[in-house]
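Here chain A shows up in two complexes: once beside chain B, once beside chain C.
Moving on to the complex of A and B:
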């Protein structure tokens, strides 16, 4: 009997941790998205005052134009940044997988952007984009690409893309790391066989490397997509959702709704709709990539 | 062997976890030995002075221990909103409240009325305008800590170099002076930078322009009217000034704290900012120490020289278990002696009427007379339950004009519509 229970005993501590920091808050968030809880703090004390509204909050989310605008911006951010990170990450991984002098040094060095806290990254890029003294601003003006100092974070479109560049700079290393690790475990025989059969380098990449890397690609893409879809801190620091709301992404809208306006229920509903989007992403990835692997 | 080790570890871990969960009350060392701990959440702006005052207060009152936490103003509201639902160490006895939050906080019951605690001396001696910012209906919710508006500071030395012997009186003059300062190379770039990023300061700055172009936010019945001709003129002036470089284009990236740095280093000749700027500008690390004066906010022809108000007060939360001790501290910070010291040290404007004629203060606080003059012409941001939502909408609308995506009329018309909607939804 004790022998049977023992494994559960070992699991208990971590279960308690997960229960208190993940499960309970999650259940609480689900609960309040079905009642109408605003700033009034005393409401939760008395179940009689719980104002059940069913799916009303969710209906409101789906008919809210600022929600769909935020979805559009978040999609743009996610697709562009993850796309770039994947393309660059793959290229870097391929390069770093070749033997050359100083490879170990470069491999280590490459990780530095990823090791930076996002806040540091955001402040750093904000300075690079500074309209008066920013290195990038001055460089663009000196090269004649922009007419005088162009305020990169001063318009919605350029601000969004500037943030994407900052995000790509930081997170490409993560994709590289995962792909590189997977590449090192690829069987050398397959490549030898390919070479003997006369396959070109491109052919070897598309017919051997890519299919064999599928699981690693899946992991990298899912993790990056989820992270990018939840992007918050870099935007909070660099633009605060501006200018003119042009960088107001979903998580920022959720933060604003709950933490600034005190609409806790509506904010929870927003967060859940957002999670559903992420689940859909994950589902699509798994479908596509596992099919390929088969 | 290994298994039993694991077993011991889990046995040790579980109780410590449980203790961690239920820690809230018993772990609170506050009441040990009869010492009452009072926790305050304050804005950074006068934190330097407040830290000193807390030390003095703690020394004088051995039975009370005041702990001061402070955060940047832009994070203050959100942190407070979160703390109102918290308990234990995350809750506060006293919070720093901006005048624009009174309606929201008081109606939700986040702060306690202190009307009964007010002495007659306080009721009669404190400026009515100051009491007003902490009041809602019949009740007073705290003690104002200073009288604040967005003042118009100018660098006298730079203006003299350009041949001007007075600060700009009208906005047209502001434009011509700014152009002259830049053309003569006296300022390396634009003559002023403003904090027009997506933050609360942007709304305060708009209020300043709105008032000094003769407009207002709401009419007597509470209907929003800032989209009239005056409002459109004000916003168009802001956008045009940024477009033609009279005002630094980077203004759209700064908040109302960051613009101080350029001015403090002598890079700009004008800056519009709160009263705590004065202390900073005359601090030992300031390059413009002694060269700065406070002028009236420029105005359009025939309009008042209005500055936007932004005073703050300290209020007690219902979470506090030591309301009397909390009040004692608030009363201490609001007392004449401490208020006077605060004016001398940090350049704030006192809340007591008679301090304005205090001899000592007049001698040692050079800007007092100029600042007092500005206090007569002010404009306040509207008081709404859903103020923060209104403010965010306004920041987006204003920025869409400043970045050239919309014209002022369209943006303000849309904003009036969403504001009326906010008001109609019972806030």
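Moving on to the complex of A and C:
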């Protein structure tokens, strides 16, 4: 009997932590999104069962145009930044997989942007884009690319793409890291066979390297996609969702609605609707991992 | 694979591009920390400081936090070290036992449990922000370090359990089996065999969790309000001078706060690479 209970004893501490800090709060969040809970400046209202409003909050979210605009912006941010990170990460991994002098150093050095805290990266790029003194702003004006100092973070389109560049600079190294690790475990024979067949470097890449790397590619893509979809810190620092809501993404909208405006219930519903998107990515991710574990 | 001369040339061109991509923003970061406010506020191009100064550093290390002992920057660094280290050690300690249970014991519902553990990892943190805020505010735990430690532990636990159980599973059972016959207890097997053999994996997982905790901002910004608990990411976001953001202080504090994670990432680069590939191949 004791023998049978032993694994549950080992699981107990983890179970208690996940139960109290994830599972129960999750159920509580569902409850909050079905009532009407707001935070005043001085006091937190008591959540009460009789404040039940049904699906009202969810209906409000789905009919809210600022929600759908945030979905669009989040999608744009995710697709563009992950796409660029993948293209650059793949190119970097292919280069760093070759033999060259100082390879160990370059492999280490290229990791530094990824190790920078997101907040620090955001502070750095916000300054580079500063409308008066930013190095990039001044450089663009000096080279005559922009007519005088252009406020990059001052218009929606350029602000969003500027944030994407900052994100790509930091996170490309992560994709490189995963792809490089996978490339190192590729069988050399496959390449040699391709070479003997006289396949060109291009064909070898697309018909040998790419298919063999596909598990690692999927892992890298999905991990980055889920992270990018939750983008928050860099927006908070660089634009605060502005200009005029032009970089308002889902995480930031949820944070602002609940923590700055105190609309807990509406914010909670927003968070759940956002989770549906994440769950779709998560479902694909678990499927892939599970298939490989078998 | 042997490369021709022309191929080697293009490889070096590629390496230079990788280096430039990485180095240029980093160079601007480092030189900015040594620039005077005159240079930082110039409206003309300054790729190099006209005078090197330690003014930013002296501002970062000056002043007193609300508790009056250390400058705000050092207080926040201290808080971050306490929060990140405690939550990492706590996560590894309790996650290790759960991983052991999943890797070496058969029990009903084990596979379902593993998938749901991974599922918890996928819950977007922002969903938990509101309920956790309400709960901790009622318990009077806002602005106390244990609240953040507990939250980070819960968030990283699924990852640690999942990674540790893949490491444990990759260790052949033969040695433990003979030890078992000799009467070594299950805990003895965990501490004498599995943990020493999976040490690189344990270290890599620990570093990963530490980096995540050090980097966290959203919860820290809500769950801390004074320097009793404020972590370094929150402190950097708030550095200001007479109500205006002080960029010199932000970038210098940020540079200093980046040194520990950079050192860890470089020092354990090999562990991370093998750890990640384990995760992507066996996970």
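Annotations for the structure displayed:
The rule is simple: the second predicted complex is superposed on the first by the 270 of 294 C-alpha atoms of A that agree within 3 Å, B and C clash if a C-alpha of one lies under 4 Å from a C-alpha of the other, contacts with A are read in each partner's own complex, and residues count from 1 in each chain.
Simple rule for what comes next: a contact is a pair of C-beta atoms (placed from the backbone, for glycine too) under 8 Å apart; a residue touches a chain by one contact, two chains touch by 3 or more.
Quantities reported herein were computed from a predicted structural model and do not represent experimental measurements.
Residue by residue along chain A, chain B and chain C are tallied for touches, and C comes out ahead.
In the superposed model, A:202 lies in contact with neither chain B nor chain C. Legend: residue contacts after superposition of the two complexes on their common chain; A:259 is shown touching both chain B and chain C. In the superposition on chain A, A:153 contacts chain B only, with no contact to chain C. When both complexes are overlaid on chain A, the residue A:119 reaches chain C alone and has no touch with chain B.
In the overlay built on the shared chain, the residue A:110 is in contact with chain C alone; chain B does not reach it.
Contacts of A:131 after superposition: chain B is touched, whereas chain C is not reached. Using the contact criterion defined above for the overlaid structures, shared-chain residue A:52 touches neither chain B nor chain C, since it reaches no partner. In the overlay built on the shared chain, the residue A:17 is in contact with chain B and with chain C. Applying the stated touch rule to the two superposed structures, the overlap between the chain B and chain C interfaces on chain A comprises residues 6, 10, 13, 17, 20, 130, 132, 149, 259.
Within the complex formed with chain A, the chain C residues making contact are 1, 3, 8, 11-12, 14-15, 17-19, 21-23, 25-26, 28-29, 32, 40-47, 94-95, 97-98, 100-102, 105, 107, 113, 115, 117-120, 122-135, 137-138, 150-151, 153-155, 157-158, 161, 186, 211, 214-215, 217-218, 221-222, 232-233, 236-237, 247, 250-251, 254-255, 257-258, 261-262, 264-266, 269, 272-274, 276-277, 279-283. Here chain B touches chain A in the complex through residues 3, 6-7, 10, 13-14, 17-18, 21, 77-78, 81-82, 84-85, 104, 108-110, 189, 197-199, 248-250, 252-253, 386, 388-389, 392, 395-397, 399-400, 402-405, going by the rule given at the top.
Of all residues in chain A, those touching chain C in their complex are 4, 6-8, 10-11, 13-15, 17-18, 20-23, 25-26, 28-29, 32, 37, 44, 47, 88, 91-92, 95-96, 98-100, 106-120, 123-125, 127-128, 130, 132-133, 135, 138-139, 142, 149, 169, 172-173, 177-178, 180-182, 184-185, 188, 191-192, 195, 215-216, 219-220, 226, 230, 232-233, 236-237, 251, 254-255, 258-259, 264, 267-268, 271-272, 274-275, 278-279, 281-282, 285-286, 289-290, 292-293. Residues 6, 9-10, 12-13, 16-17, 20, 39-42, 126, 130-132, 149, 151, 153-156, 239-245, 248, 256, 259-262 of chain A are the ones that touch chain B when the two sit in their complex.
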